[in-house]
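So, here's a batch of structures to check.
Presented sequentially are two complexes of subunit A, the first with subunit B as partner and the second with subunit C.
Let's look at the complex of A and B:
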């Protein structure tokens, strides 16, 4: 028989065990509760930080900014300080920000491209200098903007305004979210070699460059998003964070992938892109990190860091919105040629030279001996001038009869017109160019002697027009201030074209003892007009808004044939 | 008596001489109005045909060829009514261009109406200046113009009142528009 000590109950005690177990369970439960509170607090804090950071990414697109004046230094970029694409100068507010910075770099590129085209033509003159100045100005603005974007103090408010709206009650009833200044606020340059938000007009094979310039395909790309989003097919973008070398100068773009929303990114991806592209000393960032904490006095706080890649989700076209081309129709000239003797040649009679206009005129002109005709004392001709200019549009005056092989002029005008267009997807074809130049209202202005100056411009960013200054400024008021600006290149002349024109009649008075045989009788034609046309092109980079000037010189050479022979009685 | 006769002859001599000179001069003019064999020979030596239907090369504006008749294959219908004169000039270098000229006793308005239907009949797409432009141009009834295009061909046709005599001068300028197929 086993003896049991008195102090031990032979039946045992479950209560103590239960109590102990209950205690443990309660402890576990409470611990789990607080653990959940902690995790929820962390989650709330992370959400708030994410929201604040996302807002930083969005708001950084528009503020901070650099202020550009409408005229003077850096004023050449005022016309791209707008989110609009309608070439409306009233939309421009002078603010150059992250949303618009690619427009500015693209415009500087176009100035340079036009200068390079003029270089190839040997007509650059001051164009290279102006393009260089524009690049310097562009860099200054870009560097200053980059500095502001990397200054976290300018972004804290954007963080707080949204972050504080998120609940962090797990921290405490009156907990708040605040930025933590310091190393958690950084920038990065992500998506290198990806597309920017600036597109070229035209398509691969023809982006309407000025003659003498060819785009390097390494500077261009289709969208790099995979799969390609809807609407991106056939679009050519400038490459971002990629040195675009133009004549030894480097131009830049910031990548904003087509139609991609601003979104959070992984820390590892952000960190790997904190170094800017080689060659860009002060790259404009497109990604931001933000660090904040949720806290309440007397309670533990939570902190978190988030990373955002921003994107304005707006596509622009490389353009010079307030660029124009000036077209000057010179006074048509008439010169007279007579036959002084058998065998010729025709000799010009300089003192008879004059001008005519854009309506028909019927002068009577007399050329005396010795140049009045072969054995003629004088020849008087009755002309009908203006057959080549009357009722002609600007297009016909430039390109019409006698017809001229000036494809180079046409290509220069086409290139400039497409640079005026700001709406993505819109291109100006040769047909559209000639239609604009054929504006019939200009015929009346020429015929009425009102003006011989016309302007090619885009009033709305997607069409071009050719009108007088008085009418143009009703649609493009900015023209009033800049129409007097001369192109910064030098002028080149195209070869003169000529072709047969109208006939004219006349009467010759023979020398004594001579008889007129040509014209055979009064009223019989004795001469032929030769119509001539010569065009001139003066290139402009667009730095001072003038993209170029066309001059058109029409002329009529009047050749009179009057012949008399000696009469033997 | 003798002195009176001599005095009379003396006074009349200048008048008689003048009449003789005028008679001889008039005879010369009368003869010159009809090309004599000698004149024809002189013209031929110059390279000018008797009927003036062709001129030597030195009497033609440089870079052109002249003929007094319009080729049958000229792509624009030629006006035939009351025609008093025709000529045709084509370029010999540079861009292909030509000008056909017709003088007619018909008034400009009549000719204009003819070509308003003749050009479309020939497959030409035509344009005329607007009424506003014509008002600015002026010369109402004395000046008309039509522009026509067909494929890469273009014509500019002007009709003006003949200054020297009743009728019209028609000028048809034709050329190949080398930019047409790019428009």
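Let's look at the complex of A and C:
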């Protein structure tokens, strides 16, 4: 039997294989295409969420906010509800937000520092109470602001504002980005111990504190950025998320590193800083997270979370912009002392309430009989008063001859003047203080008897001036409402001194049977004026805008020596 | 017996023809897949360019600096035989609104051109919040 081999029919085998392969290829290709679309969609979604979150960080600086009224409760902080540094009250809108919150804490801190200085001086009076009230008010505002910043509903719109504008077409042509409410929206307190955006005036070694107060260097820092950015050299900032302990009270700052822009941060960094600083119950946050999704009906959606650290990128100086010092020049007094008998003592004789002015005066004064000198019935003297007040500026009246021991008053005024300055980097030196007090226009007002009250203030946050109220108001309208406020401390005498002045002539009338030997003849000098000056300082915390009051009392004591002897017949 | 011989067709070359036919289908599919992958990748690059340029511009203090920064960022993306051109169509720095909007256009040459289908143009837009605007009244000390 012949076996015929059975050949398999191989027709179409490659075709079938190729068809199968083509099908697999197409499937793989389509699958890979959709996979790439999905990955791209993920990237687009992340980009959109990042952009939205960055906008949240940026806009959270200005809104939400707490409203502060211009007067009354919490009104002491109204003058820092602006982003300007020109002490222009019209710039203030009463909105306390994340951008400005450090200004408020710094101002409360200055009230306390002034109270502590007054405590050390024994002149605190109501200053401590006011400083405590300011701290309470500051905390209330800060806590309320923190509550609003942690309320995600207030931030959703800022997220959507930018996120929706970014393309997510890999999801679908009409896909949109929306926030996902819930646990993806959180806050954190990052960069603890880093610098805040509030600087002190002066430099390390002298920040012009009031006498009796010393800065704890642990509360201050240079920029913590590495490398240090340009312009940061020599600048001292308050520390952020660090308890600034002043007399047992804690003050706070939020860290905003110098010249750093709002930027995205890593999740791990954010998560590790979600716990606030120890001691601050309701810390104001400086970092936010946001969660959103890109979706289109009927298609798979993508979601993502981003984290942002915000920064207003704006530096402020610790200041009390609408603070002022009241300077009152009292009517100069004159007292007369006549030597009643040999060996003294000198006794004041009448005329205790006499005053003189700021122009020369030439009174003729007669001692009342019978006391006028040794064996003199009376003495008539021709005075020239006003040598210590005529043509003298406020500066000369306060600190000029015979002034001495002026350091304490000078330091208090210097400290207060620097607290009025709002522009970072500007310091008021001693010479600038004296220049302001030497304003020549005030000489005319004194000489003309127009006023003896002057105000030391900063019209622009950068300079200080000493002017009458009428003129000061033209530059600082806010003074009109607060100029009548008294400082909340008690008054203390600073700098009492005296020195020789002009000599004067006179004529003595002897007792009966006596002959005048001193002055030898009319027109011969028989007495001397002694100039005196006493400055009083009444401390103010600035809580009611008054940072203090200086009262200057000038006086002239006129000592007359008239001697007569028994006439030898 | 002779009729059976005449009826038996020659099978020589049948596989070759089947392979050729299969190749006519398979090769275009494979090449098209390469083109599609290139397009997907190019779109992703365009997205990245738009985003990075918008972010770079948003970090600047004014419109002129924003455009310079965006152009500098664009320069880091090199053209090639496949990415023919990539340009910034428009950079809108609306400082008042606080947005930087960057529109980019990328022309991609298909690595395997098909008749009438040699290049594709991609456009994209990215929007970023401006964070670089400094306050003129209160610069850093």
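In this text, the second predicted complex is superposed on the first by the 550 of 569 C-alpha atoms of A that agree within 3 Å, B and C clash if a C-alpha of one lies under 4 Å from a C-alpha of the other, contacts with A are read in each partner's own complex, and residues count from 1 in each chain.
Simple rule for what comes next: a residue touches a chain if its C-beta (ideal position, glycine included) is under 8 Å from a C-beta of that chain, and two chains touch if they have at least 3 such contacts.
Source: prediction; values computed, not measured.
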Should A:339 be classified as contacting the first partner (subunit B), the second (subunit C), both, or neither? first
Look at A:21 in the shared chain and tell me whether it touches subunit B only, subunit C only, both, or neither; answer first, second, both or neither. second
Report for A:505: first if it touches subunit B alone, second if subunit C alone, otherwise both or neither. first
According to the stated criteria, A:55 is in contact with first (subunit B), second (subunit C), both, or neither; which is it? second
Taking the superposition on A as described, I'd like to know which of subunit B and subunit C A:424 touches: first, second, both or neither. second
For subunit A, give the residues common to its interface with subunit B and its interface with subunit C. none
Where on subunit A does subunit C make contact in their complex? 10-15, 17-19, 21-22, 25-26, 28-29, 32-33, 36-37, 39-40, 43-44, 47, 51, 54-55, 58-59, 83-86, 162, 165-167, 199, 231-232, 235, 258-259, 261-263, 313-316, 424-425
Complex contact set, residues of subunit B against subunit A: 24, 27-28, 31-32, 35-36, 38-39, 42-43, 46, 48, 52, 55, 58-64, 66, 85, 87, 89-91, 94-99, 101, 103, 129-130, 132-134, 136-139, 142-143, 145, 147, 154, 156, 158, 160, 162-165, 169, 171, 173, 175-179, 182-183
Tell me, which parts of subunit C touch subunit A in their complex? 11, 14-15, 18-19, 21-23, 25-26, 29-30, 32-33, 36-37, 40-41, 43-44, 47-48, 51, 54, 59, 98-99, 101, 124-132, 134-135, 137-138, 140-141
Touching subunit B in the complex: which residues of subunit A? 337, 339, 342-346, 358-360, 362, 382, 384, 387-388, 390-391, 396, 399-405, 407, 410, 430-431, 434, 440, 443-444, 447-448, 497-503, 505, 513, 515, 517-518, 520, 522-525, 528, 530-531, 557, 559, 561, 563, 565-569
